[in-house]
Amino acid sequence: MTNELTLYLIIGAILFSLGVFGIITRKNAIMVLMSMELILNSANINFIAFAKYGGMNLEGHIAAMFVIILAAAEVAVALAIVLNIYHNFRHVNIDEISKMKE
Amino acid sequence: MYNAVVNELIGSLGLIKPELALLVTFVVVIIADLIFKNNKVNLGLSILGTIVSGIFLIGMSGTNTSAFANLIAVDPFSEFFKYLILISTLIVLVMSEFSEELHNRDVWMGEYYMLVLGMALGMFLLAGATNLIMIYLALETMSMSSYILSGYTKEIKRSSEASLKYVIFGSLSSGIMIYGMSILFGMTGSLDLYAIQSYLAANGFFQPAIFISGLMVIAGFAYKISAVPFHFWTPDVYEGSPITITAYLSVASKAAGFAVLVRFIKLTFFDAAGSSDESWIMMNSIPWDMVLAVLAVATMTLGNIVALWQSNVKRMLAYSSIAHAGYLLMGIVVMTNTGLMSILVYFFFYLLMNFGAFIVVMLFAHKIGSEEMDDYEGIGYQAPVLASLLTLFLVSLTGLPPTAGFIGKLVLFGAVLDSGWYWLAVIGVLNSVVSLYYYAKVVRNMWLRKVDNGKGTLKFSIQSQALVMVLGIPTLVFGLFFGPIMRWAEHSVRIFLGN
Amino acid sequence: MSGTFNILGVGILTWITFLPILGMIAILAIPSGKDEISRARSLNYFRYITLGITFIQLILTLVVYSGFNFSMPGINDASSMQFIERVTWISVTGLPMLGDLKIEYFLGIDGISMPMLLLTAIVSTLAVFASWGIKKAAKGYFAMYLLLVTGMMGVFVALDFFLFYVFWELMLLPMYFLIGIWGGPRKEYAAIKFFLYTLFGSVFMLLVMIALYFAVGSFNMFDMMDPSKFDQNSILAGFGTSWRYIAFAALFVGFAIKVPIVPFHTWLPDAHVEAPTAISVILAGVLLKMGTYGMIRIAWPMFPDAVQYFNWWIGLIGMVSIVYGALCALAQFSVGKRDLKKMIAYSSVSHMGYVMLGLAALNTEGVIGAIFQMFNHGTITAMLFMIVGVIYDRAHTRSLDDFGGMANKMPVYTAIMTIAFFAAIGLPGLSGFVSEALVFLGAFKTYPVLTVISGLGIILGAGYMLWALQKVFFGKLPERWSGPWDPTGKIYKNDDINYIELGGLVPLAIVVIYLGINPNPVIGMMTSSVNHFVELIRIGGNFAGM
Amino acid sequence: MSHDLLLKISVVILFLPLLSFLIIVFNQKRLGKAAGIIGTSILGIDLVLAAIVAFNKFVVYPNEAIIQWKFHWFSLGNRTIDLGLGVDNLAAMMLIVVTLISFLVHLFSTEYMSEDKRFPRFFSYLGIFTFSMLGIVLANNLLNMYIFWELVGLSSYLLIGFWYEKDSASNASKKAFITNRVGDLGFFAGIMIAFFTFNTFMFDEIFSQIRSGVLPFESGTILTAMGILLFAGAIGKSAQFPLHVWLPDAMEGPTPVSALIHAATMVAAGVYLTAKIFPVFTADALTFVAYTGAFTAFMAATIGITQNDFKRVLAYSTVSQLGFMVMSLGVGAYTYGFFHLVTHAWFKACLFLASGSVIHAMHHAMHKLHDHHSDPQDIRNMGGLRKTMPKTYLTFLFATIAISGVPLTSGFLSKDGILAGTLAFGNLSGHWLIPAMAFISAGMTAFYMFRLTIVSFFGDFKTEIASKTHENNTQIVLPLVVLAILSLWVFYSFNPIDASSGWFAKAFKPVETVVPAEYQFDFMMPYHDAHATESTEVSHGSHSYLNKFEEELHHQHYTAMFLSLAIAGFGILLSFIFYYYKKVDPDKVANSIKPLYLLSYNKWYIDEIYQKTFIGGTILLTKLMFWIDTYIIDGAVNGVAFIWRIFGTFVGKFDNGVVDGLVNLSGGVVGFSGSIVRKLQTGRVQTYLLLSIIGVILLLWWLF
């Protein structure tokens, strides 16, 4: 049982790492947003896994539900912003969106 | 049993009247926007809603309990921050009315008010949240509104750039936070902070996983208060956003961040039963105070020394707000109620002076079309009243008497010294000396250069000047008579510690 | 008549302190004027309001002086302070840890503050004459000037540390503007340097103030001087602990920067060289005294053990300041721009060194000498800077190379300057002598070697002062000055010093000469205070040994 | 006359010249030439009053050591600072000397300065100078002494620099003041020791405390030091080596000033001080004083031989004579030291005023000839003046005889006593160098004074200017005559070869030392101390002596007289051979001993040495200090700011510039492949994120 939990947690950790890595390395804004989803889902996996193996706690499921909902909302907002970026810059390459510095 | 739940829910609703008022206003503004299509109406309704919320807040002053089964604490501590948030919201709403940046365009303002209210709602919830999911929810509510608001002048490139950076940085931070929450949940078996605390109290041993997950959660808050090393977004976003939103972010959003940071640390990692007002007893051997002290020093030092190099006033104020976050963190480091009180006092004064400075910068920008320091040369002689007030705000930010900022620093350093963090206090005061240099740069440009340049005077509306006065007079008066604020803050340090 | 003295129900010290604020408000309310004529009229209003306010202030100070009881010691004894005004300013009770926070509006004077009060009133009144030529943004100038005066007065009458600190910092900003707006070519640099330096010093003072507050639970200076009031758990409790030494050192640095003492003095030459005449006068005449006043009023009585511990070093610093300042002043003849004002600025460093040396003496002669030297340096250096201002206004240069032979062109001016210069040298018959002699006599009893080395300052002082006198007045008049200063005759009708300038200088000269012959009016009021002070430090220091 | 009245008159005497100063200085334009009359008449009154006081002191109260008055100047609470004034025999005599010479100088100046455009101011300065000097004379304590000491410094500064348009004059006045300040520092240090030890400035109180065994730091060495430090003031004012350099330069002042300062007043102050504090000198201090005086006398005499400027020769002769006085006090011949001060005052004033008369005449002659280049003071331009200026010549000659120590003059009496004193001292203490230097100096004095007289007054006119000179009017001549008459022996002692029987020696009896026996020469200890059983002075024959020294002095009297007569005669003779009969060419002699000649001519190079060492050193030091100030202290301040700024830039760039490099680095650290690392070099936001994460990692790394 503990082994399975560990397995889930490792999957979560890998997803989290991939997400962070993606956010940091992807040039395309859309890809960045997708990486963000990975992070949120890694948290979801943790919540569900803990809920299942950590004593059938309902709170974990509820938390996962909330995260999914908020993730959707967040992506919506972020996409709108990316759209606006495209409107202004005619590209979504976040490398080159760096007018303000220092 | 159902009865009990329903009763609990209904009873709790009574405790969140201020939030409900905001929520209702939020909805009403959407509807009104559709019906009336009139910005004045939207503004009026928003202000009305804010005031109603404030009235409810006054009505329940002194409440010290918990709502919705420990989801939200309704205690004097959150109440204080809610006042701060409400005052900020009011100021932002009024300030927006003067903003040419927002009005000289075809975009409709309805969403703007709505989003400000949404953000205020998120911050209200954040100030009282005692459940990890509630914290996440509130934080996201607030964040999502702020992402949009920072890019509200969407046809301006740097505004949209700001919102993009904000959303990416914010998402990652909240992602890290929720991941940390998930682990914390797993380790302790609960999302409820009180329950987590009891678990840790019962199994009080040092566990890296708990520490790291705690740190990940704190990272989410640290980004909100722009503490080093989560401050990178701050200058860019502050510079790119409409100035009203910059001001809002630098005060209200930061206040909410501090509220939740303090509550999270205090409720989770401190011995609830053993802690007295005098000093909080830490559980485990996690040196939270040392961690925070290092963060505080790094934050204030970085904020100050980078601010030295800014030529844009708005950006300079952004870095200065980082530095102020550093000072405020010192109040948590000491881990006493005195420290907490000093944070509250400081925040209240910070609200006055920071908003004041931003409003003057905005008004100047309208007339001279620039936020660059170099363009401020001789402005003191063209707009003596506003320039004097800006000088007052900057002096207050530096922390010189007889302004409110000095009292803030006095109380803060007092708390730090009182608990024996002498080196921290020394670094703190040295930082405030450094800060003088860049604040004085603005003052220098306004008054020392192009004296009597004969350019004639800049005209500002009476209302806008009155708005600045409303902030300026208290900045001076509270510098001399700060007793009431101290008393209020003292009453507000009580955090609901569970049933 | 000692005790309180009210006018319209408000204490006289409050009047003295806040009268300039009223003046400032009046000035701010008067429009600058749009055209030439109305501008000129407003300018006159500004001048006369400022002069009037400072003059009333002077009169009130003299009223205080006339009612001052010479035999009440004060220092650490609240009951023997005079003209006390005591109102609770801020009171917050039942704070966690902080307990009852109480800050008082607590004014009063004793024999240490009375001379400073007189000095401030005299110098700030007379410096208005030196401000007569200010035309640029005159409204701001006179407003800031009055604010500055309030700050200075407040420092000398405050008996609550918090109040003291507020006044102390209050005069920073007006000073910054006064140097920064109306100063010379490098005014911005000088202004910010002054500001940063002083703030650097005062933040340490702030920390010590807070620490003392936690130790005694009040901002009242008298409580802080009373060892029995200290909370035994406080780090500052007891005597001779290293925390107390650190606290004293921090306070000392805060005050020393203001004095200024080598090596914290480098802001001074810059500030003086750039500041307009009247501000140099105020700066040298009053502001520098705030540093030493702070030491006597605060640092010394609160940390007598630390004073004894550091005393030799304080004396050494005094000696170094004396000799070093004098050498740097003398250096103005061989290097740099040979700036007369810079030379006088360095001479201030040297002369304030005497104050330190006198304080280090820790006996009646030395301390009386030190305080009297504060007063005398105030009047004498005020004269010196006014004098430099007079010639600078005419010649638009201060370089010693550009002058010579002025004695024939400006005989009255020469006479005044000779008096001032010889007073600065410490010529008997002029006030500087009495104080310097007392300092030396006192310091010799404590530190003979330091004192004798400091004596070099006397010789060097004569060197640079006479050198300057010779350069400016003697020899042949350079070709460029052979004509009248102002051929149009609009500003300067004749070549010699004019009546407005004399209005500033002659009263000071009279004070300097009179006190040189009869120092009793000033020394008399400080004797009982100083004796009490010396006793206090001595006894307090003895605790350290126990 | 009661004590009180006497003191009141003394106060009037003191303040009358100040009144003169005040009246004149504030009414310069209005008074014009009247200033001279006012000044002179006030001094005339002063002189009369001084005579009254002196008469009373000498006749009515001859046996009272001092009539004095002390009062509180100001109070320090637990003690007071007292001032006072007193008239003892010394003061009474000095009152006469100062007021008379000042009066004569005033009178002289009414004519001499009549063409000066600042005529009134000159008289005002003379007034304040006389005031200051009288203050010294009447001081009965160290503090008063110091106060007026400094005021003399000020007034001499004003007078020497009176013609300030000349750089040489303003330089000389500055030099005089600063050189004096060096001595004053020592003086003041001595005062500090005295005040520290005795808590009083009063002479009589200090003496009685020392007598009762109170010593500074309980050490005789410090007492010696105190004496020497107090004497340092005299070294400055009385132009003793090594601080004599100001005096010759001070000749830049108008000649009446030279007469006033260098004959009777300022320079006498040092000797007067030494005499006043004579009882406190220990054996070592006395030896120091004696050597200082002897060396000064010798050195100045050697310089005087070769100078060509009329006034400079007189200046060096003054320095030399002052050396005699100081030496005399040093060896213990107190009476004769002071005696020489008085006699010297008359004949030196006479010499200076006569030189003024000559210069005045030369000046007028040059004026007539429209000659503006010649030096009216150079003796090589004179010659034969006795024909054109007989009265000046006669008075000058008589004063020269007096200074050379020829019998029937006052100079003989005093100098003889001094020389006898040095012999006695040499005999008793073994310091034979002192009498040796004293006698040589006496001989040289006779030589160079006659050289001066012969070259300028005898022979033919050397220039046309000299031939066109003529005698000055009464205002100038009268003072000369008065002073010359006063140089006769008869005023001091009716016996022309022995002063000890005269009234002067009786009035100024040797004073007892107060120093404990262990620190004093045996021969200086009073007999009643040395032989405690005997109650009073020991009688030896017809004389009674205070101590062994006085006895020895008396015994050496005739030896000294013959020796001095011989040596003075030799000097005079040599002078005549060289300059009158021209049997020997002085230039040849000079060439044959060139190094010595140059040493003398260049005043022993002392000015040059000071210039190179002290002044040069100080200037170097000031430059160094200022450099330190600018570049090190201020530099450190600015440097800190600079480092802050650099740091600030660095951190500022952190957000964009440096970041790329860091990203590269961290990429490598994380171990990603090269291609991915390149892709890592991305835009800003992501860099921020990366850095945030690195920050957290660093934090964790630090914690664990």
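Brief remarks follow.
Going in written order, the chains are labelled A, B, C and D, and every chain counts its residues from 1.
Criterion: contacts are C-beta pairs under 8 Å (C-beta built on N, C-alpha and C of every residue); 3 or more make two chains touch, one makes a residue touch a chain.
Not measured: the values here are computed from a predicted model.
Chains making contact with subunit A as well as with subunit B: D. Central chain by Cα centroid: C, whose mean Cα position is closest to the mean of all protein Cα atoms.
When the interfaces B-C and A-D are ranked by how many C-beta pairs touch across them, B-C comes first.
Chain geometry summary: the mean Cα position of subunit B and that of subunit C are 43 Å apart. Taking each chain's centre as the mean of its C-alpha atoms, subunit A lies 95 Å from subunit D. The mean-CA centres of subunit C and subunit D are about 37 angstrom from one another, to the nearest whole unit. Averaged C-alpha coordinates put the centre of subunit A at 65 Å from the centre of subunit C. Within subunit A, contacts with two or more other chains are made by residues 20, 23, 32, 94, 97-98, 101-102.
Counting partners per residue, subunit B has 164-165, 168, 172, 235-236, 309 as the residues that reach two or more other chains. The multi-chain contact residues of subunit C, meaning those touching 2 or more other chains, do not exist; every residue touches at most one other chain. Here the touching chains pair up as A-B, A-D, B-C, B-D, C-D.
By the touch rule above, subunit B contacts subunit C in their complex via residues 277-278, 336-338, 341, 381, 391, 395, 400-402, 406, 409-410, 413-414, 417-418, 425-426, 429-430, 432-433, 436-437, 440, 443-444, 447-448, 451-452, 481-483, 486-487, 490, 493. Residues 9, 12, 16, 19-20, 23, 29, 32-33, 36, 39-40, 42-44, 46-47, 49-50, 54-55, 57, 59-60, 62-63, 66-67, 70, 73-74, 77-78, 80-82, 84-85, 87-89, 94, 97-102 of subunit A are the ones touching subunit B in the complex.
Touching subunit B in their complex are the following residues of subunit C: 89-92, 94-98, 101, 136-137, 140, 165-166, 169-170, 172-173, 176-177, 180-181, 187-188, 191-192, 195-196, 199-200, 203-204, 206-207, 210-211, 213-214. Residue ranges of subunit B in contact with subunit D, taken from their complex: 164-165, 168-169, 172, 208, 211-212, 215, 219, 223, 228-230, 232-233, 235-236, 287, 291, 294-295, 302, 305-306, 308-309, 434. By the touch criterion stated above, subunit D contacts subunit A in their complex at residues 652-653, 655-656, 676, 679-680, 682-686, 689-690, 693.
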